[in-house]
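Okay, here's the structure, questions in a sec.
Going in written order, the chains are labelled A, B, C and D, and every chain counts its residues from 1.
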Amino acid sequence: MSKDRKKPQNFSNFREKLHEIIFEAETKEGRLFDIILLIAIFINIAILMFESIPGQSPEMARFYLVMDWFFTIFFTIEYGLRLYTVYNPAKYATSFFGVIDLLSVLPTYLSVLFPGFHSLMIIRALRLLRLFRIFKLHQFVAQGQMLRKSIIVSLPKILIFLFNILILVFIFGSLMFVIENGVNEKFDSIPRSIYWAIITVTTVGYGDISPVTTAGQFVAAFTMLIGYAVLAVPTGIMTSTMLQISKNESNTINCKSCGLEGHATDAVFCRKCGTPL
Amino acid sequence: MSKDRKKPQNFSNFREKLHEIIFEAETKEGRLFDIILLIAIFINIAILMFESIPGQSPEMARFYLVMDWFFTIFFTIEYGLRLYTVYNPAKYATSFFGVIDLLSVLPTYLSVLFPGFHSLMIIRALRLLRLFRIFKLHQFVAQGQMLRKSIIVSLPKILIFLFNILILVFIFGSLMFVIENGVNEKFDSIPRSIYWAIITVTTVGYGDISPVTTAGQFVAAFTMLIGYAVLAVPTGIMTSTMLQISKNESNTINCKSCGLEGHATDAVFCRKCGTPL
Amino acid sequence: MSKDRKKPQNFSNFREKLHEIIFEAETKEGRLFDIILLIAIFINIAILMFESIPGQSPEMARFYLVMDWFFTIFFTIEYGLRLYTVYNPAKYATSFFGVIDLLSVLPTYLSVLFPGFHSLMIIRALRLLRLFRIFKLHQFVAQGQMLRKSIIVSLPKILIFLFNILILVFIFGSLMFVIENGVNEKFDSIPRSIYWAIITVTTVGYGDISPVTTAGQFVAAFTMLIGYAVLAVPTGIMTSTMLQISKNESNTINCKSCGLEGHATDAVFCRKCGTPL
Amino acid sequence: MSKDRKKPQNFSNFREKLHEIIFEAETKEGRLFDIILLIAIFINIAILMFESIPGQSPEMARFYLVMDWFFTIFFTIEYGLRLYTVYNPAKYATSFFGVIDLLSVLPTYLSVLFPGFHSLMIIRALRLLRLFRIFKLHQFVAQGQMLRKSIIVSLPKILIFLFNILILVFIFGSLMFVIENGVNEKFDSIPRSIYWAIITVTTVGYGDISPVTTAGQFVAAFTMLIGYAVLAVPTGIMTSTMLQISKNESNTINCKSCGLEGHATDAVFCRKCGTPL
């Protein structure tokens, strides 16, 4: 949003003032608005949690329902105002936070038709990601961007890795189904056996489904050792990506005299020929 | 396969045309063939999964059986055509994908004799690895090759590591058998105790077998801490290999005189023959 | 403490002598004091553990109670003497070890009012961190400082990562509550479902709460794969930080002119002031 | 052993011949001896496993007993011959393999007095580590040494890390005891609660002991997140050590003309000034 700073001509002063309050955190009012919003999200999430605990009295249930609707209407108005005051509504509506803001209000309305959707209101938690930006936690924002960059660069490799792991768990799951089915009622279908294989390869290991035959335990042991060894792959991908990114970010200045690259970020003179950078 | 591009002299035009359709994805027909094949594999895997879910009606069971044979005959014909149209049949039959293609059709035929083999049909999932090549996902192919190279280079070290881990789990498993046997019926044999040790060292932790004596829990805690600490070893191996490979790959200057690759980024002379680069 | 070596003028020789015994480990008496202290802590922790084992005779219970009070009074006197003999009491009282020393004696006194606080006496275990300093395990101290530095530098990134993971487990937990609630009595509230999501994402996997519906197991499998893949993130952060720190530490040439540390190994001129190194 | 190649003067030709057969694998007889030994160890371990499986007939039990004593006497004679033919018996007896060889024969003799010691015979599995040396798997030996070096260099840091983790699990275990004791009979003592904390921090998660109170589950979730985040520490240590070792190993030649370090291992000419190395 901060990239579309040019105010459109048809904006009234009031609309511009609202824009500043809602989208910027520089003014006193803007900051106050953001803090109220964060507190509202926190309270709303807390209510949603308490509401889900079984054994509530009818009075409390009614209170929670009222609060849910209160916050939903509050966030709906806020979403409307954002659309009204943003310089480029289409861009906001399709941006990461724009989509989150919309998804945050939908579940309550949908819950009128489908009661189960009610708890999806928790998607409001994603709005808390604004936290860092609002409180000007610049260091955290920079670190967060570096993390995001590393994850984006690593993603193709990690997806290939996960695709291979998926084929592996399909094969190990089916093999286990062949071995355990008939003896162990937990392995009652291939999808369930694949679910077991994922639990095992990722080293989660619930134990709700576990082999009982000797052959099954042998295959399980093999699956575990593979999961244990290949865990090294995504870690290796992520680490080497992070190292290259942090290396590239520090290597941006070349010496004009000898052309040496890779100067430290605080370098004023070339470390090889002494020429000022 | 793409390495044997020279067409043999005894190839008819029809056979050459078939070769293009089956092995290449450049022509319209070749691409269509690959897509049909992928869809057939997906449908076949889906059927195999549904088939395995208990409580199917006799009609559905019959339908699944017919579909299994339909796809098996389809893949058998395809395998025959591959053998017929490939330039070097022996090389294809012993290649990675050649072996997979054969293993994909065998289980259905074997299931006539041994019903349990039926589900091994899932091995067809490995054919999905052709996905990247077919859709020309070049970036993914390059990344995948880099991953494969890292894994191959790391393999000897990781195998040594796993061999040491295996000796460790043999000893810890037997120690646990000495401690828990008689008190805890789950530790009823050394192989089972070794199975427990693998579950513990890999941090999977099903909990289907767990120590109940104080001494056993002490040994278990020690085993866990070892597993936790040595998990660092394969990760360290993989990461340092990946870093070295990605470092070497960025150094792509070849020596004009001797053709040596992999020069350091600041190299002025070839390190083998001394020719200026 | 070692940073405030200047003895204040109002210190008597006796007080100075006590200071040396309690805070320094150079003299024979100082070393003896430290060793007695460590042994006392070890015995105290051992007693605390035995005490907690159920089925103790009344005689043993009385013995343990006497020992607890004996050690508490001993450590209280020691804490008083530390306050009396330290050069800068306020600084000591607010230092890491000062706070630990105080927290170590409080639980026994508080247990008179709140019996449950008794076991918190275990906080005395933290005093064992003095071990490395006392036995002049210099190598370990240096390594430990390097570790601490790496952790401190990595902390902002790891906190951002954990914040993102927390939002993720909130959403996955609630999604699971929507899916499993009503069918699976284990998922009886959103907080419990979030507890399940944390167990799953961290790959701990107790199995005390696990999904039973097909949709739930599908979401669980997805959660596991995410946890498995993102485990690479903190590892990548820590590894790249450690590499950069160990790289900086090996470059120990200081500039004679401006004193800047951390020059590259091939540096000929200071990067800040241009003076030849 | 290979370091004491100088044959002592009092060695008869027979004793020297035996030395060659037992300790070297260069001659045909020496190689044969090693292979027979490895096969004997494999058979012995297999027998030990089958023996432990419950429900054996008395005939099989007697057969196993005879085999155990046969192999034990075989290995005892071999150990005696090793002591007799080695150039430096004291050095061999205290070496890694010397200690393993002795520990391999002791359990059977001790099992006459203490039947439980019987299964510790499995320690013979450690003798399989000779495998790599015997089969001249030079590449594996070199890789193994590099791994061993990395682990030794990393050990002090990893021990400090584990010491800190231990203090952490003591505190978290005791805290959990305070919270869950009385409500949850699984947390019946502090040692058991510490066992739970180790299961949780290492992400093993058996689920044999798990919290039931809300406060307990909250502390458990916190413990998991800590375990998940600090898993990065040993990995970071190991990876940075491995990178430094592999970097140092490739950087051993300096250019005599310009002094540049860090030449590739196959370098013949300096990459900066072209001088032959």
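Everything below uses one rule, namely that a residue touches a chain if its C-beta (ideal position, glycine included) is under 8 Å from a C-beta of that chain, and two chains touch if they have at least 3 such contacts.
A quick note: this is a predicted structure, and the numbers were derived from the prediction, not measured.
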Pair joined by the larger number of C-beta contacts - C-D, A-C: A-C
Contact-pair overlap exceeding half with A-B, pair selected from B-C, A-D or B-D: B-D
Geometric centre distance via CA averages, chain D-chain A, whole Å: 41
Separation of mean Cα positions, chain C and chain A [Å, integer]: 29
Multi-chain contact residues (two or more partners), chain C: 161, 191, 203-207, 231, 235, 237, 239, 243
List of chain C residues in touch with chain B within their complex: 203-207, 235, 239
Residues of chain A touching chain B in the complex: 156-157, 159-161, 164, 167, 170-171, 173-175, 177-178, 181, 188-191, 193, 200, 203-207, 210, 214, 217-218, 220-221, 224-225, 227-229, 231-233, 235-237, 239-240, 243-244
Residues on chain D engaged by chain B in the complex (per definition of touch): 45, 48-49, 52-54, 116-120, 122-123, 125-126, 128-129, 132, 139-140, 143-144, 146-147, 150-151, 154, 158, 161-162, 165, 191-192, 194-195, 198-199, 201-208, 231, 234-235, 237-239, 241-243, 246, 262-264, 266-274, 276
